[in-house]
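Shared between the two complexes below is chain A, which has chain B as its partner in the first and chain C in the second.
Showing the complex of A and B:
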């Protein structure tokens, strides 16, 4: 099968080099004492010091994180109920219509989402700023939460719910003790995806942000248009580490829910053999 | 139960009405009215009779096509090799990681790499070609856009290749097909669904990458996205901007119909990938 393993692995290595060169190039020059991204003249922490004493950037970072956290929380709650509602519909046609509507924002290009939200806010007379950005982020995060939670809801065995009610659980108890724990892995993934979407978004925010309020992506855009400043390089290094932590965190969340499921399975099997 | 459930569903339905249906209607309405709110198809007439708009749209399609072809040529072999490795989950994670880095930062990195005295020009001088103006050209826009889209092409193709039953290519080989024949007649047709999903994931966003045309293309490349952004935020001609938006939406539907066998978009494709970890 693998006639030329060398060529194929060389090719893959090349692809990885291409993927990572720009990122490490940025990080490398964030330590450059010379003020540009061309000649490395000496090592310095100076750009990191500038970054961490830059009040404006720090406020923007906090705003960006706040938007990401709030929007993903709200989107998770709305989206989870949305997923429960979609799967609760009896007619398959209704379900698929709802799902199509749900996916419209997933397939639309960012520019369309941004432009149409801008029209929406303007026609409703809502001022642009923190509020409009937050609402937009909630809006484009909801469909992904639904898509992450829905498979879990569909897996839910109706016998479980019947059993809970036969055993005298109230509706609220069934909901909190049976349904929610079962679909928690989906909810967590949904929250996580919503969080990263919000952090990553540029185009939609750019349209609805107005003058007073800025997120990190928009700030990087306006600074990059003015040319190179190694403070952005330092920022990118910090963000790379943050992304790395997020990926690792997500990986472990998944591992955790998977291993918990496996443990449960093992428990079930053990019980069966005991009997 | 029913009633309480419906009560909790209210925000979700409100969201569908306000943020899915209303924006689409509004953008259509905006494109069909003039400044005073009177119905008019003037915007569409202007669009259809202006060589500037038509050329821009064709150009945008052409660039999106080129970006899709470049990423496909790079990604298919990469996905194929990936599917034959040990520790695939780890390698996949490494493919996904760059997509978690803010797109603006990656674009910014290329401003440094491609600048007049940047690393790429150093390399060109070193191999004797001499420095070239790379930044702010359509060439650099193609390169950077392809760079950004590569992971979104690799992942769906990889998924399709992994799902392919290895017995099929083996059988083809046993029956005397050459490796090239096996690839052309068995492996590729059977992984076409992944290619289609990847094309969808790359082509549609490529029509609207306005930040790259600004930062890397130096306004030499105008995509549909750039035009929309300009009409909405610079010239404040929302009617025309919405018209181009409607045309972009129509193109999106055409592409989705053409590549319609698994309705997946980049985000979903990626999420599937992330979800499997």
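Showing the complex of A and C:
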């Protein structure tokens, strides 16, 4: 009886070790004074100093974050309405066709999407740069958002919409007060998915960056081709910590808003009973 | 007679796939009464509710509210509120905000909202539940919140779509009392949809019995129970012994080969009819004193009464309710009064039925 959980937890630990070792290996050598990843000769902050004095990489980091933020915001709005539109269709056949068209974009290789965007932009005579990257990121993020929001929309009991109307809500009020709050968890996870997809996209971005504008993944790739620099390691470490903070922050924001809501309610109630 | 608050005139509802849910429904709903739409599932009772609430449109016919045509009025502008079958409470809002939903939309002052919501919660016996999340409530409590959310808006008519069907037996009976009491206290018209005849009989001022998209009979619970219009109603409302018979003359009916005195008339001589005898109207006596003689076949103890099935010489089954047990296999006599016999004509329309009853039962 006791053995089974032990084996399963052992397995879990093993999987996590395999998943996290490369990252910690990378971070470990970001402090290496030796200048390569073969043997650790001594501790240094030098690589971090070079990183933070590297104007070019800082601009690229900011650009990457900006692209991720903007593209995921736009994709979230478009994708949410897309999901609502898909589930709003009366015919089941239309619904599943639309969903399939959406999923095709999800599964088709990034290389194909990147190449097709490159052809599109050049044939339309649109210059490559910030705009082209943003547009293509929005485009590949929309299906992700649709896929994250759709289950929540389908879960929505039509009786809730009837109830809202019954209590005097107009179409718009029903939308903002019932539909949106109900599907917000789906919208949020869609946003975060789109954000991370945009942050680490390489293949599509590689095709449409052009000269002068680049994102982090493309920059790291081109630097890695020229030989290993531990500045990349330092950058990776910083990014990893950043991601970790995001996850922890998201958790605490969730906890906080929930407990605050409870507190606020209790406060209101106390006020009422006092009166 | 007060002016009707809601009138349905010639309502027919046909769905896109050709299914006809309602055929020529005519209802008159008066202010301040408790109505039930009673019928088996699929009889169209919920469709009537949805047409009154405005969630769906009638294919034909008129919906009148205080004499005004409201066929095209969207649900959010109608002075009716609904308690849904699955309650349809908003899961992202707590109890207070659920109940306050309608008032918030009306942009009432905060103080007034707070007062009215707390009053409504008190009315449904959930004071102190304002801060609870919906997921923390039991089925019965959710039910009460759903009722509070509807009545807090002070609707002219409250529509209830099988609101008690998800509750257990004991709670359901308690809620029947509470609903009835609430309705009388508020003076709001209730239209209650149910497939449970006991529920309808217990609470209603007036019942509409429905089947297959038609209203078969309407009347007070007592009228419908005592004078069902046809086989379906007699069977659906309560338990009954239904036998083929023949109307010999006014106040004289023949069944199981014997002639009995009865209280019905107004039919052709020798017209084929159906006779209803309620199981609780049959009294057990000795075999030689009985108007009928049956042999006890089975007997079930139901707590407050014994349910006895007897078989007569012709093989007809008789259902008898008795407070005292009898011995299995024993021959017993059954007696009943002339007014316990209810005679039903085949295919009689409700209007004709009512007219005939009035004529022959006054004296």
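Heads up, the rule we're going with is that the second predicted complex is superposed on the first by the 226 of 275 C-alpha atoms of A that agree within 3 Å, B and C clash if a C-alpha of one lies under 4 Å from a C-alpha of the other, contacts with A are read in each partner's own complex, and residues count from 1 in each chain.
The working rule: a contact is a pair of C-beta atoms (placed from the backbone, for glycine too) under 8 Å apart; a residue touches a chain by one contact, two chains touch by 3 or more.
What you are looking at is a predicted structure, and each value in this text was computed from that prediction instead of being measured.
Q: Who does A:173 touch here: chain B (first), chain C (second), both, or neither?
A: Second partner only.
Q: Looking at the overlay, what does A:182 touch: chain B (first), chain C (second), both, or neither?
A: Once the two structures are laid over each other on A, A:182 reaches chain C alone.
Q: Mind working out whether A:216 is in touch with chain B, chain C, both or neither, as first, second, both or neither?
A: Once the two structures are laid over each other on A, A:216 reaches chain B alone.
Q: Could you tell me if A:245 is touching chain B, chain C, both of them or neither one (first, second, both, neither)?
A: After superposing on A, A:245 lies clear of both chain B and chain C.
Q: Touching A:157 in the superposition: chain B (first), chain C (second), both, neither?
A: The second partner, chain C, only.
Q: Would you check which partner chain A:202 touches, where first means chain B only, second means chain C only, and both and neither mean what they say?
A: It touches chain B, and chain C stays clear.
Q: Is it chain B or chain C that touches the larger share of residues in chain A?
A: More residues of chain A are touched by B.
Q: Shared contact residues on chain A for chain B and chain C?
A: In chain A, nothing is touched by chain B and also by chain C.
Q: In the complex of these two chains, what residues of chain C are touching chain A?
A: 53-55, 74-77, 80-82, 84-86, 88-94, 96, 101-102, 105-106, 114, 118, 130-131, 149-150, 153
Q: Hey, which residues of chain A end up touching chain C in the complex?
A: My answer: residues 157, 159-160, 162-170, 173, 177-178, 181-182, 184, 262, 265-266, 269, 272.
Q: Considering the complex alone, what residue numbers of chain B touch chain A?
A: 1, 4-6, 8-9, 11-12, 15-16, 18-24, 26-27, 30, 74, 77-78, 81-82, 84-85, 93-98, 100-113, 115, 117-119, 122, 147, 150-151, 179, 204-205, 207-208, 210-211, 214-215, 224-225, 228-229, 232-233, 238, 241-242, 245, 248-249, 252, 256, 263, 265, 267-268, 271, 274-275, 277
Q: Name, in rising order, each residue of chain A that touches chain B in their complex.
A: 1-3, 8-9, 11-12, 15-16, 18-23, 25-26, 29, 36-39, 77-79, 81-82, 84-85, 88, 98, 101-113, 115-120, 123, 139, 142, 144, 147-148, 171, 189, 193, 196-197, 199-200, 202-203, 206-207, 216-217, 220-221, 224-225, 227-228, 232, 235-236, 239-240, 243-244, 246-247, 250-251, 254
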